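So, here's a batch of structures to check.
Shared chain: chain A. Partners: chain B in the first complex, chain C in the second.
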Partner chain A sequence: MALDTVSIAQETPDTAQPYKELGLKDDEYLRIKSILGRRPTSSELAMYSVMWSEHCSYKSSKVHLKQFGEKAPHSDALLVGIGENAGVVDVGQGYAVTFKIESHNHPSFIEPYQGAATGVGGIVRDILTMGARPIAVMDPLRFGLADAPDTHRVLPGVIAGIGGYGNCLGLPNIGGEIVFDETYAGNPLVNALCVGVMRHEDIKLAKAHGTGNLVVLFGAKTGGDGIGGVSVLASETFNAAKPTKRPSVQVGDPFAEKVLIECCLEIFHEDLVVGIQDLGGAGLSCATSELASAGSGGMNIQLEKVPLRDPSLSPEEILMSESQERMCAIVEPEKIKRFMAICKKWDVTATVIGEVTDGLQLNITFNGQLIVDVPPRTVAHEGPVYNRPIAEPEYRKSLQPISSAVPRPTSPEEIKSAILKLMSSPNLADKSWVTSQYDKYVQGNTVLAQPEDAGVIRLDEVTNLGVAISTDANARWSYLDPYEGAKLALAESCRNIAVAGAKPLAVTNCLNFGSPEDPGVMWQFAETVRGLADICLELGLPVTGGNVSFYNQTGSVAILPTPVIGVLGVIQDVRERTPMGISREGLELFILGKFDDNLSGSEWAHLFGEIGDSSPVLDLAQEKSLINFLLAGQSLFDAAHDLSNGGLAAAISEMVLRHGIGAKITVESAGIQLFVETPGRVIVAVNTANAEAVVELAQTHGVEISSLGSTGGDALCINDSVIPILELRAAFEETFPKLFG
Partner chain B sequence: MKIGVVTFPGSLDDRDALRAIEMAGGQGVSLWHGSDNLKEVQAVILPGGFSYGDYLRCGAIARFAPIMSSIIIAAEHGFPVLGICNGFQVLAEAHLLPGALTRNHELHFLCKDQPLRIENNNTMWTSGFQMNQEVIIPLKNGEGSYQCDDATLNILESEGRVVARYLGQDPNGSRNLIAGITNERGNVVGLMPHPEHAVETLTGPSEDGLPFFTSILHQLVGR
Partner chain C sequence: MAKIIVEVMLKPEILDPQGQAVGNALPRLGFTFATSVRQGKRFEIEMVGQPTDAQMADIHKAAETLLSNPVIETYLIKVEN
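Our next item is the complex of A and B:
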């Protein structure tokens, strides 16, 4: 095909263009024509199509997401907010921490290993781009039913991909979730979170400033993988009738990324860049237009200089390629020699592909011929915005309360078999089969990792300053009530941080939903964002960034609305962290918080195929009091564990199983109290000498506290029911190896 | 006492090894793969990681790095070398230790707190252990299954050159549950588990790894 240049585009206004195949709608194509005053060249069309995709432009979500700005609480901790590659918060002692969560759902369904691997790679580059050394990753995952055949294709590949990439980068994997639900069949959710640390003065931004500064592409060479990944894969509902989209999934090379990380950190250390951007979704189209748009505007790129893995790539393909492990930096001419020397030291290919100009246009030439001449803001930041129709979905009208078909065990035998059934169910069973494939030790600063409530990483070996991170979502509650579900997920995440002994500081989110073209899904989304913005304002926590993943839908069946919330907390002395497991005999057990009898959305009801009719309603004042109590009492607790999925039954089982030390607890109405998942509750294990102080502290904070029992022995005893730990452990540990071993 | 830690492209636990040396009371010195300069260190650790992405075979490319030519010559003359995980794989590829490390028998990466028995406390790196001391040290690798021919296995066992052996359930299918071995002279030790991740209970399962680093310092002082 002959090169489609700007002058040819001017001369041939009526040439038919494949904009529909590239995912653009009629009116979007017309808008491009009106911006340019002519038809776009094929290269320009390629750029607009990827940058105006749902994935890159947030065109369906923007009108809602702006609430995060409008309702933003004042926060002294926020150093860089939404809009950059990742938000940055001040954690004290001159340290700044950046963290973000992103989805790589669709690629992971098509090609589980590479999809999940490059999901890790992408989020790690976002963190690196801010100037930070990546220090940990987490992976919240959702799959179809555990015994479904396709889950056996997807899950092992996803786990191996996350491990294969993350382990090779030397990043400890410190937490996450694995949840099974049939709506995720065909739409697995593979979210990846990364956290990084830097000194305040080392923060880098994605801006191209300074006429005459050089645009440098460095890292891996550009290949044909991932072309149109964002527009074709992530922005469209899967349809069984269409051909396979395997070539749209990127292929990762973790070794190249590891070397790129070390190379970048050395470059940052010598302060050699003006601005930097990673190449992820939409590749060079995104990096050049975003850098130019956020900077002074003008940029010239000579596209033929881009080093290619496949020399047959056309300019359009070079612009759209999502080849991994690439970065784009803006470098002052006098610093380029040193920049190149560091790249050479690490054997990283680096090429000057253009320069910043004093103009307003992004101009791209290919062998001297002008093929792109666009205002960069129109590509990067002024994409289409849709106010899509919203309607409360019909299913909400037919929700039924939990029926009597869901058993309420009372006798010792019933309680025992219920506990064994619950703890062996895939959502609650031991996840070691998965987490043992992740390196949690590398970098030597992991203080807590899965299965703990939060991951805790030491930042400073002298002062013992650290951060805690937790990710949470309760999709069933979000299905019942997306507004409350979102608030409850965030509250749970904060509670998990506080349980470990850290103070919640900032929020990131990954909002996974069905098709935005479905008004019911859009209603779920709008309610979710409203809930998140409200609770963030109420708790004074800034949202530092996040990601929206739409089109997680097969035919007319959307996934459960799944807002995954990540909360970052700071802990002044990591040696004071509180673990979840019972580590000694003779401790007293207390439970904090009130419970009700609404089994809706609970794991127990789910095991009997029921979801119920209403989610809990967040009691914000109670949540705040509980968090304050946990932080004030940190030094009094031997162990603390949040009650979430599986309620009290799961929480006490997990505490017992951690170190194999038993417990004896008494509950009044076992059938409800063991399984209800009323939020805002925590179990603490306390040395007898501290018991009185804990009770007093709870009363001071207005938190309801009641005695639950004590630790010791080789069984979990609930009222008169005795469950030997050996038996409990067998049930807990055999599920995953049996399913996936 | 200066102990060097080599950084290859793709090394991961190099900083952790340096930290462990410092915690043991030594001075850690970072060595670069591309230089053959050992910077007057008195011993060297080849750290864990994925040198050169484990491409071709684990350790197969790192073995040809310029620093390795200096290390191989020195080791043949009694210079102390400890290879941890990927470092063990590099030592095997460099023929400083016999055998090879292959994929774990379950074909997964495995990260766990691994019980071990120290069966040789005559090496420069294990002299601080009690004979048959049982320890817990993290194991984390995808290719940790130690394999060798019968003749080599006989020699290793009969000469007491198995330094550490896995206890409990077989983690990776290694012959005779071998976790670590030494050369005839006891100056070169290869170990799949990561003692540098068992130097403080805050970040590891135990402090059982520390004697690997204190042993070498005592040996060097005693010279």
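Our next item is the complex of A and C:
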């Protein structure tokens, strides 16, 4: 079992290498050869292959994502932008908040529990890496049809994994979404968001500066987790008789992560690191090359010093391992003693594995033999970039308007049964079965959590400063028109923030798509990014970071384009937040915004298997006015709720069901008005004494307002249709327990 | 009457936080003999008579689908009388 060193690579230029099995294309392999001026060693090949993968290099998305930089609005709030582990925004009073959303889709399909759990662990470490204390998580999820057998394998595992990991860490899970659509069968989307808080002066960056500074690996020991792909190297090149094939499943240990969080925060508090990076996808390969590349370039690593859980790992596998709960820090030599003492106190294994040099190369040795000698930028930041072919997909030409097969209920009986049908459908039904598995209130700072429009967390116990976060996507609109769909998702997320009483401040996104090698999918992606960049510029909201997940596709069927948008807002006094539920009788109900009759993409049409032909078009001026109105009128509302999935029918049902207080509303054309999902609409519940002021305020802001009805009683009454709350609640609450036990 | 024993262990390459915790606790309590601990679970399933070949096939199927998670675990079946 010979070690493939740099000198061996120089002497044996013609050795065949399994680059194709590692996912590298012919031209990419040739490019590595030309960068190095020789064939790569197997360790170098492993590093390049994983760092140049779509997941790490963003090679298909980069040309589009640069719009987020080019069209970036000026924002005084942005302290750290795209490119770091997570963006950081200023929320005032000396606080900085960092938040980011990432996908863990493929691992969650293979092993739902561990896939989802390590998704939470990974995003929490990203936030920690910025110097922040993680304070809350959220999980937007997408699954195949609720009654499909594979959904019954994947969903319970994913929920238990998110709950298991997040609850052990003591982080409240304050929001997210669960959506079912058949295109997600075999491609579940498990996105994880984390938000963290720090003081401005505590921001940390992932850079390796200062010749002679030490590279420290700390946290869990390195095992064979998540290196399934790279096993081709080890087995084919060296040793065909490994005991077992390496797993592609990583197992998380939330208690180890909790200790790591506290250990890191103490280290940050004493200002003991120059730069820090967590180990996630691509493990040490990623951490070392990114730290070196973002810094001065030179770094020496002695790989045999890495503490191993499994002593049989080859150097290639150590470089690739995705063992969880590990961090890599750059520490000045005079501070290393204190650094180690803190790690010892927390019982965290810490090992100096190398040092920053004044050179330009990343050199990795194994027992004194040079096995990697590369310019780190070529690994981490200068990977291949593809301008993939783009073509408007064929399906768009055959889209049909919503047919008359989708009923428009008018009689009282029809309305009642339609509401019960809608509210018991999996996409709108009560999600308590899921959210009750998550701890929503741990740490005692949760102000609002699911099922509210936005999650709200208090940052400061004295001033009551808080942040609100919401995630949204409407994949059906994105399917109909990805440009508008992306804008509408972002607008909806902002509206959710404003409804709760917070001012939108910054955006993160997780763009989930099919294969980038399909020109139709690439067109959807390009249009989505263009839409997002445009609306962010128009609303003055910076994109602080995000994640792209491609290849969510089974055969030729891609998932619906699913750009999940997270918006962070700031609320000066969390005691002033507006909840969504009707909490009193005798309130007046108003609806803000206009509606049209386009049922395309609506949940109601979806229930009858139709998607329609066109998404709504965002009315930006109207959306801005509505947000300003909501913020200005915050103190006048008893409750406010955004109209989204399921339209007015779902919104009013949710407001009624929240506290079991009924409402009586009148609508003109029930068949359309109840189910259409025209964006830019909000219901507010207002004390009679404030009603006049609310109407005036809406008029001042140029927002259309009309009276909807009033609150009270033990039924939801729509025109002459009476739906007892007990009946509505039964329909709403029984779906998930029935489906998932 | 037969007793079917199904022992389920995490595959050797999969991280076992529980076993690791036990492994770390042993020396703290003065037990210095252990170099590594892996933790698994054991099922005892009773049945009337000796399992037929068809029943053994079913037991394997149950072990694969319900008692273990074949993505990360292995199982071992023993029959005791």
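A few comments on the model shown:
Heads up, the rule we're going with is that the second predicted complex is superposed on the first by the 722 of 741 C-alpha atoms of A that agree within 3 Å, B and C clash if a C-alpha of one lies under 4 Å from a C-alpha of the other, contacts with A are read in each partner's own complex, and residues count from 1 in each chain.
Methods note: a residue touches a chain if its C-beta (ideal position, glycine included) is under 8 Å from a C-beta of that chain, and two chains touch if they have at least 3 such contacts.
Computed from a predicted model, the values in this text were never measured in an experiment.
Room for both chain B and chain C is found when the two structures are superposed via chain A, with no clash between them. In the superposition on chain A, the chain among chain B and chain C reaching more residues of chain A is B. By the touch criterion stated above, A:Asn445 is placed in contact with chain B alone, chain C being left untouched. Once the two complexes are laid over each other on the shared chain, residue contacts for A:Val574 go to chain B alone; chain C is not touched.
By the touch criterion defined above, A:Arg309 lies against chain C but remains apart from chain B after alignment on the C-alpha atoms of chain A.
Taking the Cα centre of chain A as vertex, the centres of chain B and chain C in the superposed model span 60°, given to the nearest 10. By the touch criterion defined above, A:Asp253 reaches both chain B and chain C. In the superposed pair of complexes, A:Glu201 makes contact with neither chain B nor chain C.
Using the contact criterion defined above for the overlaid structures, shared-chain residue A:Gly163 touches chain B, although it does not reach chain C. When the shared chain is aligned, no partner comes close enough to touch A:Glu394: not chain B, not chain C. When both complexes are overlaid on chain A, the residue A:Asp27 reaches neither chain B nor chain C. Following the chain A superposition, chain B and chain C show a smallest Cα-Cα distance of 5 angstrom. Overlap of the chain B and chain C interfaces on chain A comprises residues 253, 255-256. Remark: chain B residues 9-10, 12-13, 15-16, 19, 34, 48-50, 52-55, 108-112, 138, 140, 142, 194, 196-197, 202-204 touch chain A in the complex. By the touch rule above, chain A contacts chain C in their complex via residues 110-111, 114, 220, 223-225, 243-244, 246-247, 249-251, 253, 255-256, 309-310, 323-324.
Residues 160, 163-164, 167-170, 253-256, 258-259, 262, 345-347, 435-447, 458, 461, 574-575 of chain A are the ones that touch chain B when the two sit in their complex.
Residues of chain C that touch chain A in their complex: 10-17, 20-21, 69, 71-72.
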